[in-house]
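What follows is a group of structures, each given as structure tokens.
What follows is chain A paired twice: with chain B in the first complex and chain C in the second.
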Partner chain A sequence: MALVNPGFVDAVKQSEAFNASACMNCGVCSAVCPMGIELLPRKLFRYVLLGLEEKVLENTETIYSCLLCKMCEANCPARVHIAENVRFLRSYINKKVFKL
Partner chain B sequence: MPLPTGDTIGILADNLRMRNSVLPISAKSATSWARGLHLPRGAKTVLYTGMMYQLIPYIAAMSKAQAGIEDSFLANFVKLGRQVNKVINISAFMAMPPKSMRETYNRLLVNIALLLQRAGVQFGYLYEDELYSGALVYDLGADDVLKAHARKVYGTFQKYGVKNVITVDPHTTNMLRSVYPTLLDGYDLNVKSYLEVLVERNIEPKNRLDREVVIHDSCVYARYENVLNEQRTLLKNAGVTVKEPAYSGKFTLCCGGPAESLYPKKARARAEARVKQLKEVARNCVTMCPICYVNLQKAAGGEIELADISSYLVQAYC
Partner chain C sequence: MSDQKRIGVYICHCGGNISDYVDVEGVLRAVQDEPGVVVAKTAMFTCSDATQQEMVRDIREQNLTGLVVASCSPKLHLFTFREVARRAGLNPYQYTQVNIREQCSWAHTGDRAGATEKAIRLVRGGIARTNFTEPLEPITIDTVPKVLVVGAGIAGLRAATGLADLGLSVLLVEKSASAGGKVAGLGKMYPHEKTGREIIARLVDEVKRRENITLFTNAELVEKSGSIGNFRVKIRLGGKQREEIEENAGCIIVATGFDTYRPREGEYGYGIDGVLTLAEYKELLDRCGGGLVRNGKPVKDIVYIYCVGSRQQAGEKPNRYCSRYCCNAAVHASIQSSEASPGIHQFHLFRDMRTYGKFETLYGRARDQGAVFVRYSESEPPAVEKGADGKLKVTVKDLLTFGEQIEIPADVVVLVTGMVPARNEALVDVLKLPVGRDGFFNEIHPKLRPVETVVDGVFICGACQGPKNSAESVASALAAVTQSASILKKGYVELEPLIASVDPGLCELCDVCAGACPYSAIERDHYQGKEVARVNEAVCKGCGGCAPVCPRNAINLKGYTDAQMESMIDAMLKEIG
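What follows is the complex of A and B.
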């Protein structure tokens, strides 16, 4: 179970950096990820779009493990800017959790 | 326990904010490669190292120290380390690479300068005024610190009247060409990798290298900056037989280096996987990014011979 955090939803909506609305949850990104990260990015972005901040924060290690190598982006049929989205989440966590 | 993410990023961001580099090194270490080359200080066109090649020996020494801390009780002290680092540059004590390694990486910068001179390019260098681009802090998402640093870097270029920047590595190319324009109003620098400049100048080889190499593309050149043909053109024109590994060009496999600062063991595992692919194709491997070079080198264990592309090019073209 997880709660929707309206503040998180607002932060994502206001950001120009995060955009995963084109994601059709096909799973190519997860299949080609060199880190073998099953979660990234399709499920993670779904959590973000739903405003499930707790679920996103549970996956902090996964978010910072991403190599930003764009292998997923090069294969994404919906042309989602996956690396930019991951950077946005890092920036969000840096401020919200790590107070950087 | 793993390295604490927030405090590790905090140390790197603090260093960039207070000391202008994620891993501060002396001006002497950063500029010694240019000794004897008589490069003018500043110019309309400059060779910008972004300190990446100079930093790699220190980053390698630091990550060795970090790997020892990762999953040990010492990881508990990183938080304390961040507080101490605000007063004393502790990274200077943790990262002391051997002189031979520093000389190896300096030599690669000399190669690049010689290649540009051979191609007839007139360029200067900013010496101790040159700053690190902030690439690692950008990747880690410390946006506010990066933006302030980008202003400093751009201010230095403006001070010297620089219009054209020639970069030496993919990460700095990406920062100056694609990231800074999104951070800074009025940013007007023309940024090109030295590989692009050499091809544009139609540099002609003096010597033919009858060798076979497997090429490892940098993710950043391949998927961020679309630099894919230049390296192949320069090697092929020099008589080098370029072999492609599984996953190459636009679909190159990452060396794992970007995970090094937070997860050294994950980085090592990725590098080992890439080395396995490379050694199936040829014994000699060419790289074009200092991060790829050092990360694959650590995992290679003598199974393949790695060399930066400039080492080949300088033999053929100079």
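What follows is the complex of A and C.
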């Protein structure tokens, strides 16, 4: 059971760097990922939208293994700026977990 | 009489629909020498233009006085071939349709010989009947330029003004104390953001300004007699005196609307404080100008649960239909909530989003504002219970994260409730309205005759017919206006002449026929110094109930006389050669 944390949603919303509201969960991003990362980005973005902070933090390793190659972004039919979203999450984790 | 008839018989293959299971050529051989037959042919499609023209030519050249087509159900092509007869100068009522598709080939796909034999008997019966047909003319009835509209919601009100502007008088009957229906209780509506109250106020004002509309509130239709073009109706007025008035109307439009689904106690937590239906939530939203507040506390987290009372698959008498307005209404409420309280969190738990047409832009706007849509499975619906610190706790399995169980804290849970048919047993009984399996009223044809009912001259519109939003209700109301006007502006209607008639010479007025008539069509008349029964042609439906009970054999059904029925029986029972 994952608890929805409205505070996490607000923190994400405040930044304006993260935007995945157009994501329709089609999975093209996962299909074209050269790293074969299954989680990124569609599942991950759902976690963020839903405010499931613990789920996001559980996947810290995966978030840092992304190459930021933008293959997914170039193929996204909903034009979600995926790489920017991943960068935002890294910045969030840097502050929150690694206290950088 | 029969030896004078010259009959043409056409037997249809219907592509293969008939000939795959009926030996069409065999049927032809078996019937071509029947008494009266001078032309007998088969055709691939009798309804095709080429065959129709061939029939017209045969009727003219062979001086045919009767026509028989053995094809499909008369529901499909009776009028097609009557028209063929008319074009060729033959009286349309000297045409007989024999149904060898639904009744033979389709019903007996496993028995070609049996299906063929049955077809032969049916066609022989049709020929025998045709031997005794007489030319008939449709019954013409003068129409009353007035329409009774039942229900003064958005559909009924708009129908009334539409009819009035076409020069037809309107009796607008509303059961409750005021006009306006459900829309009168609504706040802002998409897309113009005018409130339901404003729209209804404007319509009521339009109604008041038209002298040829009479609005009765606290009133009910209690009796109806007569038929299309000239109904006699009785309206009971409420209030202290409880008087009844009688009026005549040419058509009746039913616009009695819907009821909102009431969740059962405990259904998705209904009954727990903070769990509201969509209608209840919209009232709350309407009351809160800036900032959503409930019971003195700000509302920060809202969960919507969709498809409550709609698209049910299980349970006793489930509502299987989609209520179609609710996705749009809930998304619109979500946008209004965001505007009233920026920064609130809204979670929409849906089964399938159906924001069709232009409403799709609303769905996009709601997501842009930060509303999150979570897809749940019908087999694992969300659960609502009381949570910690006065909040509600909603748990759901999100299909879009591949089955992640999530728990959402909420201040308010909105059950997005659908529409159910309004309970109108008395009206259904008075008007003999056809009720569908889902409880809504049924039209004749969902695509081509969407506002007509099986009762001639009685139309349905708005949400009494099935879930509709207000724009769709008004569109169907105007369709009912057009259908009514197309009958009443002509000034007369033509009815089928296939009805009962009494031979006044034989009748001794025992009144047995009156007791057998389900339509109260038997009236009294004077004939050569005695009282006799007479059939009201406008009311008789030609069911034949009176004919066999008459002890004097004084009643015959035109088109289905005793002589015709007996000859058909004889023809059907004849040995197959």
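Quick note on the criterion: the second predicted complex is superposed on the first by the 100 of 100 C-alpha atoms of A that agree within 3 Å, B and C clash if a C-alpha of one lies under 4 Å from a C-alpha of the other, contacts with A are read in each partner's own complex, and residues count from 1 in each chain.
The definition used in the following text is that a residue touches a chain if its C-beta (ideal position, glycine included) is under 8 Å from a C-beta of that chain, and two chains touch if they have at least 3 such contacts.
Predicted model only: the values in this text are computed from it and were never measured.
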item: Chain A as common anchor, with chain B and chain C clashing or fitting; value: fit
item: Superposition-derived angle with apex at the Cα centre of chain A and sides reaching chain B and chain C, degrees in steps of 10; value: 140
item: Which of chain B and chain C A:4 touches, first, second, both or neither; value: second
item: Which of chain B and chain C A:46 touches, first, second, both or neither; value: second
item: A:65 touches, of chain B and chain C: first, second, both or neither?; value: first
item: Touching partner for A:55 - first (chain B), second (chain C), both, neither; value: second
item: Partner chain(s) touched by A:87 [first = chain B, second = chain C, both, neither]; value: first
item: Partner chain in contact with A:100 - chain B first, chain C second, else both or neither; value: first
item: More chain A residues in contact - chain B or chain C; value: B
item: Shortest CA-CA distance in Å separating chain B from chain C in the superposed model; value: 22
item: Doubly contacted residues of chain A, that is, touched by chain B and again by chain C; value: none
item: In the complex with chain B, residue positions of chain A that touch it; value: 34-35, 60-61, 64-65, 67-71, 73-75, 87-94, 97-100
item: Chain A contact footprint on chain B (complex, rising order); value: 2, 5-7, 9-10, 13, 138-143, 145, 219, 223-224, 250-251, 253-254, 256, 258-259, 262-263, 266, 270, 273
item: Chain C contact footprint on chain A (complex, rising order); value: 1-4, 6, 9-10, 13, 21-22, 25, 43, 46-47, 49-52, 55
item: Contact set on chain C toward chain A in their complex; value: 300-301, 343, 345, 347, 364, 367-368, 370, 372, 374, 395, 398, 400-402, 404-409
